[in-house]
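What follows is a group of structures, each given as structure tokens.
The same subunit A turns up in both complexes below, where it pairs with subunit B and then with subunit C.
Showing the complex of A and B:
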């Protein structure tokens, strides 16, 4: 099933630390958000494989904006 | 004289600079990004120009948009404030090229001193003690091993072009070298466009003491006293005060002389700050130069009765410094508390809308520098600094008391602020006794 991992804080996308095709596990860091110059780590909520990267460096983010799409194992 | 000044920045510093411009009869241009369109100073400046989107690369770091805004509004000068492009030689160069006055040291000076190793080398050359370490950037991790084996651990690895406390690595032993070097290089490349590093030895229980100076284009330099900025978290200052309580007049004069030697050697003009560390034995070491107006400049203005922005503007316009070192008298005591939009326990940022605000009025003992109003949205894209609450008293105890009262009367709702942290520090017995160092905040927050 496809699931998106969303921004947990507003701000700017600092970086996405996984690549399409990567196998990731629950609570693994997938991206970093720069909120007011503080780096906030975004963890994955699921086990799965990265299907699509949506966010890129410097993108403006609101809470809930999808950052990556993963294909979950379930 | 400058007729119209564009302020290439955002937040409280824009309001601060406009205030002096009004006193001097200079017209002002404020710039803003899309999310900053309701900033209160946009109504106070003579002109305001939208320069781009939220992303700083498209707005406050966008040299072309800023120069175009200056040309469009017929400005004849640009003040860069602090942060953003304030110390960027390429921006100063673009301003000079456009035939505008740059309020700050020349682009050539900025380019040279953007290298911290260069500054360390210059200080050493004019016999100013620098924090022991390397005077040239190191080329590989083997250099760290060699240095550590000779001088011992721990040591600091710092980025030659770094700033804001980013990319500073503490290496406690040989095993940590490789990882720390890799991290520093990666941050340096991404954030500062340079991965050069240098080594500094650890100074135990350091106090952060900086000297404010101002130098005109005729070779005159005066020092406006020192500020103690030891109270930091994540290498960011939170409470600053002037004067430093644990310094003799002789030590102060020595620091002034050292500052002037460095300023002359570099050929620096305008306002600037030399940061020093003082170790537990009372030795002062040069650390770095800040080539801009500092956030904490108001405490110096309070104890010296001066207006540093006014001097910046008149010196940029080519005027001579209209005073002598002997005219600078440090009187009373001033303390600044920085109020950040952060959770006071976790320091997690707290952007959002201000639903209610009530701040004490400015008077001869209290000054609040801010750019806030009811219903203003504090965006998540920029620095969390909301306001600076500054007190002035006849002595440190009075200044502390006044600052505590002022902070207790600041009411900001809708977002979280670090006012409880400021109050916890100011009410702490060790603070009142002056027993502070750069680790103080970690200590009191962990208890």
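Showing the complex of A and C:
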């Protein structure tokens, strides 16, 4: 099943730290958002495999914007 | 006692009016960024309006209560739940030992939630305030934001916490949240004709400014001003840019600092002096709105006001932050 990992804060995408095809686990950091001059870690809510990276560096994000799509077994 | 399970993005102990009297030593007042949100939460649980509570910025805060008590949640609606069940905001609710409160991400409006507990948060006062200055690493809980496994102790309430359960606010006492925040302000100290052009000041009061994502408790950065904002071509002995002046004290909280072409609202933990011009000051009664402005999403518009209106607004806010606001 496809699930999206979304931005948890408004701000700029500092970086996505996983690549398509990576196996990731729940709570693992998948990206970092810059807001309030602080780097905010975005964790995965699921176990799965990264299917598609949507966000790239310097993208302006709002809460709920999809950052990556993963394929889960859940 | 409150055991923190997840500190969220940034959760701080803050009171109001913060740490006054130390601007000359370079120490800003800190204090609740939205003093109306904190004040109303305190009134609901039977505390004085300035008692220390939790300022939850950005959400994801989670904690477990160690005693039976009464709480109130105000501010941005981050969908708070108690033991996974939704709880109402802007009213007093009872909590029991073992209950877990949890906040989601920021709401559709606003950026900060406030959690007040009967008796307040019992952290040591530092220079007359329980507020955290996050950039100075002093005050509040160990001078920092809360993290998992921290334990906060509550103060002793004047009345039985159960006495305040079920308290609600009058409808008109609950602030209206928007994505465009109108801030009443007065020009000065560095304005037209010496520092800014007439056109520049008109722009300041006519334009709607987006809040930049780099905004935090020290400074709220707004989108850039055009070059014709300035009356001068350079800062003279103050420096090469027309925003430069000889170092002076900043009238914080609420001064609009012009740093290069970037207008910056200096607020809670902001700097107390520097070498940039300040074009206007937001009135005290409207400071709370800045704290609910969401970086990267919301907008700010300045509305010209005068000292009489500012004084009246402050008197009205004092009335609002009292038991007269309760149903």
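Heads up, the rule we're going with is that the second predicted complex is superposed on the first by the 74 of 74 C-alpha atoms of A that agree within 3 Å, B and C clash if a C-alpha of one lies under 4 Å from a C-alpha of the other, contacts with A are read in each partner's own complex, and residues count from 1 in each chain.
In this section, contacts are C-beta pairs under 8 Å (C-beta built on N, C-alpha and C of every residue); 3 or more make two chains touch, one makes a residue touch a chain.
Everything numeric here is computed off the predicted structure, so don't read it as measured data.
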Three-chain arrangement built on subunit A, subunit B and subunit C clash or fit: clash
Touching partner for A:58 - first (subunit B), second (subunit C), both, neither: first
Contact breadth on subunit A, by residue count: subunit C or subunit B: C
Subunit B versus subunit C as contact partner of A:11, first or second or both or neither: both
Partner chain in contact with A:35 - subunit B first, subunit C second, else both or neither: both
From 44-52, 116-124 or 278-286, the subunit C stretch with C-alpha clashes against subunit B: 278-286
Contact residues of subunit A, present in both the subunit B and the subunit C interface: 9-12, 35-38, 40, 60
Contacting residues of subunit C [partner subunit A, same complex]: 9-10, 57-60, 105-106, 213-217, 294-297
Subunit A-touching residues of subunit B, taken from the complex the two chains share: 53-55, 57, 164, 341-342, 347-349, 351, 380-384
Residues of subunit A defined as touching subunit C within the complex: 8-12, 34-38, 40, 60-64
Touching residues (chain side subunit A, partner subunit B) in the complex: 9-12, 35-38, 40, 58, 60
